[in-house]
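Structures are listed in the sections that come next.
Consider the two complexes below, in which chain A is the common component and chain B and chain C are the respective partners.
And then the complex of A and B:
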């Protein structure tokens, strides 16, 4: 077992905290008065500061401290949350990330600039604010005019609190800052010396606190330890005259029990590594390196293969017991495979949430108003797919915003809302997940696409193009219709990368666009890269797998039809002509056709092609094995799989076959 | 291939050592040798699946312990005839670095002899004339017991085919 590098652990933790802080900040933008989000951001910043200091990221801790302070004031209602403040803290957060990644880099200048901005965002507001409360430290001497209340608190921290980094004295100091305190330690639970665990906490406290601060201020003291502790707060008496406070204020009034008097420490002494209180369920998750999952996946894949061999053997045996065991193994390995698949699945929220920040920044840069909406965030997709999709989606969203959405004034002129909408949605359909980026902007300008394509020689002037073909031109390398190269897009790199990435994931891109109404780009990606449902067919003496998600239907190709269609490779399927390919010819098997050949109709979107095979064997769960570099020039196959008898079957690349079929159709059309 | 380049390949193979452990095998009557260190396993013939549309030289794939690996016939690279498999035919599985990826490849052989050591003093770079095979496909020739053992340059054979597609295979088939 390898020991984890603590710094690395912190970085992982920090990454999560950043996500939490960023999420909170962006939510806050929608509802600036949302106290829960303000608290969440504050807690995140606080934990980051604490852990940062613990792991030696001093610069980070110091910098974060300022942001935390700023948010503390927001939390206490001294300063209203504002969009400027959020933007400022978002920028500050990027700086914190830099501090985490390169703790020794020179960040001082950038940090000072951000802090100045932060000051402006908070201080400026504080000046005009009506609810200016004096700093807490100053509030300790009670003000006579404020109604002071006496609270009786008793609290007990869990025995491992100190081991977790909570400093009870810090809590007491914070209480003391709120008002006059009389603190009694209850040492009745302290065991005899022989039983004492030095690191455990046995003491509980009873505090009589007189303060003009509201009850929430007391709660705030315990905000980081609230979940694990016992805390009782009772209001003891209604407003006490100021003189009364003075009387109890005398620290020289030790009761029967020991009064704790410690020099007041600064707030930094308070809990450093506090458990994240809100997401208590985080503890139930286990972080596993992805490669271990991949290894497990391989083993499961091999098990599935071994199991199907076993069931073939058992099927041909008369031994009842062997059959029973084989059935058990079949069921178990099936379940194991399903569980394994789920392990790798993560909700697309992970993918989508990073766009909120992107869109926020883009809106500021472009001066456009953008509403980003999500749909189907809970749809689950293989983790690898999610990771590989991140970059293409960034390109697409940028394109939507930069090329698609208009400026607010243009939108009003066009009779639309000021704010442009970008909708990111995900849904599952069969073995595929469909991710759609939809905007309500100006749509794709087909004339400009065409003009550009003609200018760069991609199409001949006057060449007939189907609408979809024309739109797909935007995925050609070096293609951009942006008249000006902007910071965001328009360099013509990106879109072809999008297409390549999606195709590498065995996915397809559909584009729809209505002038003036917006565009919609859909990515259809297989749910997983590792296992597919396939239709096992025989062509000549070889077995091949056709991905089931592409199969539309199977029908018989009668001998007469086969002979009749020598000249034209079309079958008519419910009044539409579907071109077909004889895989026997394509693969040059050199064998005679079976008497009852079958046609498997495959499709992607609107395009359909029939594949003539000799025999349909049945459906088959397929563990995809990639082919080596030596076979990269063979485009007909996307991979291979191992069948129950140990032999290898090749998996047909549906996209490629459809292209071949369409070309054949086009040639025939041209000839006819 | 220049003499300097072949000298370089020659030196890379021996790497200063006087002896080299190899696996020797027979292809169409010629004795070949592969560095023992790259050999993973020697298998009996397995059911093969031909890959339509691939180069004849790597025309099929096999199931090697749950992995799908290409089965290569280097006889075709040397312009030899592909003969029918016999009872002595074996598949030698090697691991080779192809464009940065370690790749398992099965090589068809007519018969596997032994693991042995060859000595550098008996070896020489391929002659630039008087040979019917491509000189850059051969690392060196080692004389032993009155015959030559051929050490093929597997990197050159497989990498050139990976990149250039079928042209090289077409050439060698044509001869």
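And then the complex of A and C:
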């Protein structure tokens, strides 16, 4: 197992902070006076700056400091939040990302330009762009109160505070800036050299602070770690009039030397209880690098294969004890597989949240008003699926906005709201997740699609096409109906990539469109890619796996029926004709057919095709292994798996076979 | 623990970076020093980049030395960045005589 690279850890943390900052900024646009969002953005920028400095990203820390300063001023009410400021910080965030990705790159010119814009956005006053190095401590609150109070603080930061970018010395400096401070470190919890984790924090502190600042100023010092730390603040002496202030200026004389224990401002329970709760909360989540999860998945896959071998051996053995053990192992490996699958699942909100920025930028570029809505963000999907769906969804959302949504005036003329609506939704249906991109724009212009398809030779002039076939033409390579090529879409690049990516995920695309009312594109994707339930079949002497999620039903095909239908290859299934493919012929096995062959009817949405096999062996937990690079041109199979006896079975590519079946049907229909 | 000032002047010279970024490497260096030399004397560069992680490692080394009956100390009393980090971290305010002797090489006046 490899040790974590601290720089990589920071980059991961930075990516999360960028998401947090971006989300806060975009939310802020809806309500520019929302103090919670202003605070959230400020906290994100502050943490990014601190972590950046700690991990050696000095340029990032220095640049982020300016944005933080801008938001600090907004936070304090010195300047109002504005759409212009939000746009500036969003652009600045892109620059910060570049500083994280390429810390040694030449970013000075771009940085200066952005800082000038930022300065203008906050009214050209006060500190933005004038400080090069971030200060050690945050500036003290602007308004001091005129009474000195002595506080006794006792605090312990979480053990991972330093590793997460918090600099305890910086916090102590901030306390010193509040007033007269005596700080005592407690090192009693520091273990010996053999036990110490070098990045963990073991020291705790006791601080006696006399300050004229309010209690909230002390809480502000710990604002970024408050939720995870142990903090006790006791007021040792009540506010006393400061020099130059007459006693009569304070209407109520404080009681002498009263000790008041106050919990941290945010906490309702006692500090100890808070600490206990927080510790318990922290223990609920463990961050694990994705590659370790993949390693574990591989091991589980191997276990499933080994278990399959064991079951096969036990099945052919008369040893009852062996059979019992085999059944136990089978049950346990099944449970382990299910648990593993759950571990890999992540909510689609991780995917959807990326589109808020995209839509924000597209709205500015196109002049369109867009309302982006989400549904079913908590739906969980395999993390690999999420990663691979990101690009296709970008293409679909871009196309939806560029081609689908109208400009505000057009929408008003069409009797619609000024703002177009784009809905991203996700829901689970059986073993699949259905992700839908729906807009209320002008819909797909079928005449233009047909004209374009005929002009480019994709269909013959006058050729009869089902509505779905016509709409699916937009996913053909090089197809575009955009009258104008823009930088958003219209180059015909993208939609074919969407289709290929979705099919590579063993998914399908459904498309619906109503002129003047909008379009809806649904991606139906398997929930997981690593292990599937498959139907093991035999064709000739070879075994093959058909993904069970695509199997609709199995029928028997007698030799007589087979001979009778030769040349037509259709079976009648509840009053509809379904084309079928003889896999024996397709795979050129050179073997004679079994007397009673079977037809496995597979479907993807509305399309159905029968696959003729010699024998149905049964269901099979299929650990999917990718085909080697040498086989990347092979289209009939989507992967391979290892069976219990160590032999290899190829996994059929359902989408491809359905396309072949449909083409065969079309040819036969055309031939009359 | 031996009086650091009586130990011959050959120390383990520490690198310039004594911050959390380098903490694991410094811990390994200290381990190696305990395995190869006795007494272990740390030579901390005056302008080293020091943060709390290094102070913790030194405290951990002190415990290690005490448990194993080894001699451990600083070759020179804390000055420069080491001293300012000790001050910032609150190590100076309430020093025991032993701490004062260890970090600052000052013996308690009787």
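General remarks:
Everything below uses one rule, namely that the second predicted complex is superposed on the first by the 453 of 672 C-alpha atoms of A that agree within 3 Å, B and C clash if a C-alpha of one lies under 4 Å from a C-alpha of the other, contacts with A are read in each partner's own complex, and residues count from 1 in each chain.
Criterion: a contact is a pair of C-beta atoms (placed from the backbone, for glycine too) under 8 Å apart; a residue touches a chain by one contact, two chains touch by 3 or more.
For clarity, every value in this text was computed on a predicted model and none was experimentally measured.
With both structures placed on the common chain, the touch criterion links A:56 to chain C but leaves chain B unconnected. Once chain A of one complex is fitted onto chain A of the other, the partner contacts of A:647 are limited to chain B, with no touch recorded for chain C. In the superposed model, A:588 makes contact with chain B only, not with chain C. Residue contacts after overlaying the shared chain place A:172 against chain C, while chain B stays out of touching range. When the shared chain is aligned, chain B comes close enough to touch A:628, but chain C does not. Shared-chain residue A:182: touches chain C; no touch with chain B. When the two complexes are overlaid on their common chain A, residue A:418 makes contact with neither chain B nor chain C.
When the two complexes are superposed on chain A, none of the residues of chain A touches both chain B and chain C. By the touch rule above, chain A contacts chain B in their complex via residues 298, 301-302, 305, 542-543, 586-589, 625-637, 640-642, 646-650. Within the complex formed with chain A, the chain B residues making contact are 47, 49-55, 58, 61-63, 66-70, 72, 98-99, 101, 103-105, 158, 161-162, 165-166.
Of all residues in chain A, only 6, 54-56, 162-163, 167-169, 172-173, 182-185, 187, 190-196, 198-199, 201-203, 205, 207 touch chain C in the complex they form. Interface residues of chain C, counted against chain A in their complex, comprise 19-21, 23-24, 26-27, 30-31, 34, 51-53, 55-57, 59-61, 63-64, 67, 85, 88-91, 93-94.
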